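Going in written order, the chains are labelled A, B, C and D, and every chain counts its residues from 1.
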Amino acid sequence: MYFDEIVKDVFQEINSLEGRGEVASYIPELRKVDPEKFGVYLSTIDNSGFGIGDCYEAFSIQSIAKVLSLSLAYRMLGEKIWERLGVEPSGTAFNSLVQLEVENGIPRNPFINAGALVISDILLTKLDHPKEDFLAFIRSLSNNSKIDYSPRIATSEKNVGYRNVALCNLIKSFGNIENEPADVLDFYFNLCSLEVNCQELSNLFLFLANDGCTLSGRRVLGQSQAKRVKALMQTCGFYDESGEFSFKVGLPGKSGVGGGIVAVHPKQYAIAVWSPRLNHKGNSYKGMKFLEEFTTKSQLSIF
Amino acid sequence: MYFDEIVKDVFQEINSLEGRGEVASYIPELRKVDPEKFGVYLSTIDNSGFGIGDCYEAFSIQSIAKVLSLSLAYRMLGEKIWERLGVEPSGTAFNSLVQLEVENGIPRNPFINAGALVISDILLTKLDHPKEDFLAFIRSLSNNSKIDYSPRIATSEKNVGYRNVALCNLIKSFGNIENEPADVLDFYFNLCSLEVNCQELSNLFLFLANDGCTLSGRRVLGQSQAKRVKALMQTCGFYDESGEFSFKVGLPGKSGVGGGIVAVHPKQYAIAVWSPRLNHKGNSYKGMKFLEEFTTKSQLSIF
Amino acid sequence: MYFDEIVKDVFQEINSLEGRGEVASYIPELRKVDPEKFGVYLSTIDNSGFGIGDCYEAFSIQSIAKVLSLSLAYRMLGEKIWERLGVEPSGTAFNSLVQLEVENGIPRNPFINAGALVISDILLTKLDHPKEDFLAFIRSLSNNSKIDYSPRIATSEKNVGYRNVALCNLIKSFGNIENEPADVLDFYFNLCSLEVNCQELSNLFLFLANDGCTLSGRRVLGQSQAKRVKALMQTCGFYDESGEFSFKVGLPGKSGVGGGIVAVHPKQYAIAVWSPRLNHKGNSYKGMKFLEEFTTKSQLSIF
Amino acid sequence: MYFDEIVKDVFQEINSLEGRGEVASYIPELRKVDPEKFGVYLSTIDNSGFGIGDCYEAFSIQSIAKVLSLSLAYRMLGEKIWERLGVEPSGTAFNSLVQLEVENGIPRNPFINAGALVISDILLTKLDHPKEDFLAFIRSLSNNSKIDYSPRIATSEKNVGYRNVALCNLIKSFGNIENEPADVLDFYFNLCSLEVNCQELSNLFLFLANDGCTLSGRRVLGQSQAKRVKALMQTCGFYDESGEFSFKVGLPGKSGVGGGIVAVHPKQYAIAVWSPRLNHKGNSYKGMKFLEEFTTKSQLSIF
């Protein structure tokens, strides 16, 4: 496989960089991770894969779960979902509360916390057994029945998640949350606590590279829906660094404060990187560097 | 040529739609255009082209010029240019003044007015004869020595451009404009007044589809620079509808209040659409519809 | 007593006005009040009093309670209290969340909800039996042992108070709330539910007219503290209509969404007005009119 | 005269404080003042006066002029003036541009720069010879025919006043400026450049202490208008420190970046203080301290 060499070269190059940035500390449990972990796994739509470093060690995917919860809600509701949230980038994190005020509780997109809370609210209403059913969806996507929530992380996040409580109640005050905020938040904190390793993560996102179908041919999203989810990742996947990621890496992707990043090259591959030290915008320092270098070396960008 | 049929079909379909939206009215001269105009031109990197409708009639490109002024400034300054402006989407237009305050006069990206004013300031400093030299750059790109500014439009815009005067002086107050605001604004209003037709416009942008080179092989931007300009178009090209365009069309593009839109499919083609009626976000109503339908039918999206 | 006649005249004049504005509806229980109620009571520091209309009927004082909770907290903490909140007017209600973001969870003043929540948090920490002790303070101030909370109103407000839950959690996320948000909110909703009539309300505020002492000579606040509380009422007592009230009435005052307004003329009197229909800024329509007319006719303003 | 002793005592006390804060530096010419200057003058409505320190040395009144331009415009237009600007405090300076956006170009009050620009626009329209007529008004108020603009200061301010140019053009874009921005700004920069000494300044404001009449009995403003101007000074006179001044000093007042402060005790006196070092909110450090101490010692506050 052609990509193997590039992954290996770039991994070595980035691995030798001195560790910069800090592990996410606002959730106590996240602090406990070894900051020097670094793993990469690339899965192609012709069913090959290649991993290196700590790619078989599970970590907390945090916000990366927002793409998966969006996918399930989008699959169930179709385009009606956009009545409750937008598809525009949000500008600075600073703006999130302001924006909700100005736009009457309609979050700008599904990848800011406000939007992910609305998606959680939708799933809570639509699913019979929300936590179990969502987990089943994840397990089926990855063909791995052992993926699970981390109650330890979920509880840790719930204990300090005052800002998310504020967001959820603000949206509720505008009428754009149907369920009780406490239930929505409980579901949301569980999603974020999912633990997977790089191999599982790249496999989980392969259906987006493959026009909405798993490699075994099961349709998860319509072709147009899959395209749209990727467009959202491209414009909104990295908080206040979405433009920077698009600018330097040129692929649709999504990051999480656990230090994971997943990126998708349509019709080619999904790639997952994990390194817990974050840059000052909250995205994995080595993860960003790796993907910038990898797309430059492989000369594969969507642009 | 394979695309001909699709362009023709979609053009007919969209042309039969009732005209929705209004012609831009804040600049008196722009109001004079016939609202029912509709033209499309597609140029491929293998040097074929196909046009339909009013594709040979010149119109005011307005904000589309911002991609061209960025390209020239980027070519001259290289990555140093990003010390003076960012690459992140801006959120709502409403935020533009707020954002400049919070971020000390550094515009979020080169395609909001604030950013385009900083780019104008850069060109004013770098070029010996700014207006003439920029025009020469445009003419050489399009192989058309007749493209010109419209003094009528430039003057009309200058007479009512109080908001741009406000923006330029606010940035100056933060020290991020070097020249006199009046000179920067004069240059800026001239850029926006450039008049081209759809054929010329799609040709002008072909170097971006072609990795930074004109079809005759002249390098305008480095390959990586061209990729980055496209990434910026993807995330920031349509004001508060950038996400929507990315979501529905899936190509890097740029619109102007004159009713023009240009989009680029990397390694394939550039396409220009013109229809003066604007939707409520300020982008061509039929232009957006056409491109959404065209990429759906041609099944060519970057995602 | 000289004021009697003016109160009577102005009452009749304003009473004959057609009822304008709506009763507060966001709290279900508040909707049940008779919108045509109108009462006034004036108490002077030489111990005389005069009432008219529905001045002996109890109503929900809502935000007026914020002056009383501030007074108790200020009495206990002294100037140290200002480490946790400011003394500046807040501009629009719209800004309240934005301002907390920009100013790191320090509310602008004790009369916006954010500030009253911080005061509630202080009392919760300082008082042994917060609800009982605060009630005892109110009862002693008014010499009326029957004043009480309305559990019905407190519960009604708690059931829809998502926005206050949002505010409290946002401040907590900045570390400026010590107790659990749920406890702070419970205490806060109880304060707001206090029910008094106009006579009791004007008596409750007489200590502010009397340089910080009750008429029986008990010192509630230092002279300088009392002056400062009045200065705060002058600049911040009427949300987004504080300037308007100062401009037209010229006295320190405080309003509540229950339709009550209390104003204080230093060294002279306290006056309470109650009329449930609110203007579009959320202050009693007839209450504002009455006080404007009353200070004009009595030619007594602090200016 | 009773006040003499207190002024003298407090002056000595504050004079011995080490100089804190910096002279305003954003206008080059203002930097040239001796930072250690300190003067006070108190004028009473029974026509006595007392001065100390540098009270006969002229300084640039800057924003203090906004009260005088408001007074003249209010006198000419009456209550109609409030169709073009509000009477509410503005919150942070930071908000000024945001607020103009949200409120469609209607400044919150006449003492923020935006409001003073609208007042300047009104005078420009109403006065035959704006600069001469305004100067005549000032000279007649003070009985001093030598008060004049400082062209040196006006020019210096114009050369760096980009932020005011921005504000004025933004308001113009909303249609709330009638004249050309350049003319409005020229008039405005001249107002701010007026030079008076403390004695002249306290005399200039005595008509506000005296219910709108000069001591010679000429009516400048109606009684109710004078009351309202004082209410505005109370709530909006000190930018982001209006609450603080009201809180600590308890009088209506107005400050300028030249280091001057004037305060008015209704029916008693006007007092002017000058000391060029500013605190971090842009108000005279010693001026604020002096007035706080003076009102405490004299036990005269409106509250």
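What we mean here is this: a residue touches a chain if its C-beta (ideal position, glycine included) is under 8 Å from a C-beta of that chain, and two chains touch if they have at least 3 such contacts.
Values in this document were obtained by computation on a predicted structure and should not be read as measured data.
Asks: Compute the centre of every chain as the mean of its C-alpha atoms, then state which one is farthest from the centre of subunit D.
Replies: A
Asks: Since subunit B and subunit D are copies that touch, is their contact same (over half of the numbers shared) or different (under half)?
Replies: Comparing the two copies, subunit B and subunit D contact each other through largely the same residue numbers, since over half are shared.
Asks: Any idea how many Å lie between the Cα centroids of subunit C and subunit D?
Replies: Averaging C-alpha atoms per chain gives centres 32 Å apart.
Asks: Roughly how far is subunit B from subunit C, going centre to centre by Cα mean, in whole Å?
Replies: 55
Asks: In angstrom, rounded to a whole number, how far apart do the mean CA points of subunit A and subunit C lie?
Replies: Those two chain centres are 47 Å apart.
Asks: Taking each residue of subunit A in turn, which ones touch at least two of the other chains?
Replies: Where subunit A meets two or more other chains at a single residue, that happens at 94.
Asks: Write out all the pairs of touching chains, ordered by chain label.
Replies: According to the stated criterion, the contacting chain pairs are A-B, A-C, B-D, C-D.
Asks: Touching subunit D in the complex: which residues of subunit B?
Replies: Residues in contact with subunit D: 94, 97-98, 101, 162-163, 165-170, 172-173, 181.
Asks: Under the definition above, what is the set of subunit B residues touching subunit A in their complex?
Replies: Those residues of subunit B that touch subunit A are 86-92, 94-95, 99, 102, 108-109, 224, 226-228, 230-232, 234-236, 240-244, 246-248, 250, 252, 266, 296, 301-303.
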